[in-house]
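Labels run A, B, C and D following the written order; every chain starts at residue 1.
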Amino acid sequence: MAIEKRRATAAEAVAGIGDGATVMLSGFAGAGFANRLVGALRELGPRNLTLVVNSATHRLSNTHELIAAGMVRKVICSAARGHDKSGLSAFEELYKEGRIELEVLPQGTFVESIRAAGAGIPAYFTPTAFGTDLAAGKEVRNFDGRDYVLEKSIPGDAALIRADLADRWGNLTFRHAQMNFGPAMATASKLVVAEVRAFSDTPIPPEQVMLSGVFVDRILVAGA
Amino acid sequence: MAIEKRRATAAEAVAGIGDGATVMLSGFAGAGFANRLVGALRELGPRNLTLVVNSATHRLSNTHELIAAGMVRKVICSAARGHDKSGLSAFEELYKEGRIELEVLPQGTFVESIRAAGAGIPAYFTPTAFGTDLAAGKEVRNFDGRDYVLEKSIPGDAALIRADLADRWGNLTFRHAQMNFGPAMATASKLVVAEVRAFSDTPIPPEQVMLSGVFVDRILVAGA
Amino acid sequence: MKPLNRLQMAWRVGQDIEDGTVVNLGLGMPVGVSDYVPHDYDVVVQSENGIIGVGPLASANAADSDLVDAGSRKVTLRAGATIIDSAASFAMIRGGHIDVTILGAFEVASNGDLANWDNRIPDKGPLVGGAMDLAASARAVWVMMEHNTRKGGPRLLEACTLPLTAVRCVKRVYTDIAVLSVTPQGFLVHEILPGISREELQRRTGAPLTFAPDCKDLVTPDIALPEA
Amino acid sequence: MKPLNRLQMAWRVGQDIEDGTVVNLGLGMPVGVSDYVPHDYDVVVQSENGIIGVGPLASANAADSDLVDAGSRKVTLRAGATIIDSAASFAMIRGGHIDVTILGAFEVASNGDLANWDNRIPDKGPLVGGAMDLAASARAVWVMMEHNTRKGGPRLLEACTLPLTAVRCVKRVYTDIAVLSVTPQGFLVHEILPGISREELQRRTGAPLTFAPDCKDLVTPDIALPEA
């Protein structure tokens, strides 16, 4: 029986993501959002989600739709500020009212903690944020004369990531800066769904694969 | 003034590696040894080196020549056993006599500690080696019911790595399993020298680069 | 009946590999297992030097000294393969992405402790390689080893006497005369070589055995070892 | 003379970028610096979303929504560029592989403390991005900011009043009226805009200033801002 990770519909691709899940969403600076899958997750409608996403508010991502729909209990991110001059983002409205939890991390800590979860490392020391409000309450230790903060890994129940090309083993390529958080999130989550531009009927050549299919469970071919 | 990282001779490529340096050597299982550079290092002849190399004794690497020449004070590795049935390796002879120091690490810890040094992480927790002799004296901590060992990063003064193709920015590609420890060692060392099969006069296409030239200081074109 | 030879042991383990899984095969006997996985299965063989999707050994004229597995064998790549660096490879291992690792061993204890890296040969340097990472973090650790030492002593013990590779990690043990699992109550026997009684198996084992209700004969095809 | 506009500030910083270095340019004013690096220099511009070797902005017909920098600007790649994932990009940053990062700021203290991420706008969510990683780990942190707030208050202080980004990290400050470095003895002035006296500069600064023996005029070409 051959491995075949393609799913026919976005609904099938996100099936099983349930209430209380920690869901990771790729994308940064306008590239790499799996918006088709995010839309399907909104249709599915699980509640009390924790989102792990670089920005709670990026205008080109559909993250805000999950938040506006009241499906999100908590956001772990490095940016939670809307750029819309005309008002507050969906996140900010709920945040102002104390109806959504927020954990802000420096972007490097955010992604290293995700990578750590995928790499079997429960905690690590980093120089980032030492002496700042974002290190408040965290353990500090000095190594060779410099102070570091202990940070914990961030594991996910599901990751919805965007890529360019997939083959039936789930191997992926990424276009340009589309890559960003996708590979790390894929290693850190139990269920990994990739929304791709196109499917390759032949195996992606070994040296062109950017993320091994070992980390990918389901593929949705969504076009450009 | 254009960046040009090529060096004309192996001697120029390793120049400046001095007494007491910590030198990382890539290579595993027969692939990825920078033997031309290792030979040049032996000619250069610095003393009291600490070698960071997966195997102290692999028959296809020239690591043993540095050890036999008495240049090495300490080896950090995951394998220090010769396979030569006819006798002991150069390392084992010195080890038996107590004339060389040895630090053995599980291979995953070995390379994660190198990666950590290159990534600004001074220490991290790993499940590997918990409850074994290789964790003796190391800090142990429980996270979510499982026990982990605290491991420290391993920075290098120099790394001698083998790759396939280089361009003038120092961007590299690797052939097959030649890659192994090279990328991590390159991020962890102050002076990084790559011995390559061939030089590309045009930039290596962005999506084919396997290690950014940001991590590479010198290139020796050594042929196949 | 004769105890299984190493190829028959590999065959027996191969029957338990599931389709679609990611497996890592230790040096020595375990690498032989991939020859006995059903041909229509998509099994991804990971080698800790970074190959994700090891194929059969390379023919002499296709052998490439850069395309080797962690045991320095010249191999091929399977369709769908890729190659990553060692840091990424061990991140994959330590992160729990390997479904099954099959390792050789000197000793296994009834609580699942594994000793497979240091058999205390005088003067020889230590060699741990990736064994500790695999044993600590693969989702399942299966051991493949002869039931007894060359001198006839037990390798399945109440507590290991040799330095440990990892604690409480072994789930199954395939020997030349039995198939066992490690349970909270200790070793549970699932299959015994015909001709060996439960009493004899117990005598040759250094820890108490329990026998599964459906315990059956350990049967494999005849597979001849290659001429030396 | 008029204070420098943001393009003149970028020009001034650009004069101090050395050939062959790896630089990261913060959002806002700092990204403009790359326009003023000598054309024959090989400077690698790193963007924390993973681009190693950002080139000029893309023309309208070459713009690609997947080829963006950390500020969502559609860019091109320079010769010798490559793209890595975010975990690798921040490993590069945190590992000390960025020679210089140029950041905007709200406040800089005379011990080098930097505050550039939280200016306490009511109701707005926090936004830290990669600033803390860059400030903590780039080999050199240079700040580019107006010397005073819109209300005329000082941004160069004995101690920051806003939440810190990193401690003791800033090496140089380029403002619209001066160029300063941060030394163990506090702010040292290297250049002052002609027409501003040392006394006036001190009045507009919230920490004691020392003047370098070779302190000179801050002079840039005329560079007009684009029409709004």
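Going forward, a contact is a pair of C-beta atoms (placed from the backbone, for glycine too) under 8 Å apart; a residue touches a chain by one contact, two chains touch by 3 or more.
Nothing here was measured: the structure is a model prediction, and the numbers come from that model.
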item	value
Joint neighbours of chain D and chain B, given as chain labels	A
Distance from the mean Cα position of chain B to that of chain A, given in whole angstrom	33
Chain centre separation (chain A, chain D; CA means) in Å	29
Rounded Å distance, chain A centre to chain C centre (Cα mean)	36
Residues of chain B touching at least two other chains	112, 115, 119-121, 126-127, 207
For chain D, residues that touch 2 or more chains besides their own	83-84, 90-91, 93-94, 137
Chain pairs that touch, as defined at the top of this document	A-B, A-C, A-D, B-C, B-D
Complex contact set, residues of chain D against chain B	19-20, 22, 40-42, 44, 46, 52-53, 77, 79-84, 90-97, 137
Chain B residues within the chain C interface of the complex	28-32, 54, 56-57, 60, 78-82, 88-89, 91-92, 95-96, 102, 104-109, 111-112, 114-115, 126-134, 174-184
Complex contacts: residues of chain B adjacent to chain A	112, 116, 119-127, 141, 143-144, 146, 148, 152, 173, 207-208
Of all residues in chain B, those that touch chain D in their complex	1-3, 115, 117-121, 167-169, 171, 187-188, 203-204, 206-207, 209, 212-215
Contact footprint of chain B on chain C as seen in their complex	47-51, 64-72, 83-87, 90-91, 93-94, 113, 118, 123-133, 136-137, 163-167
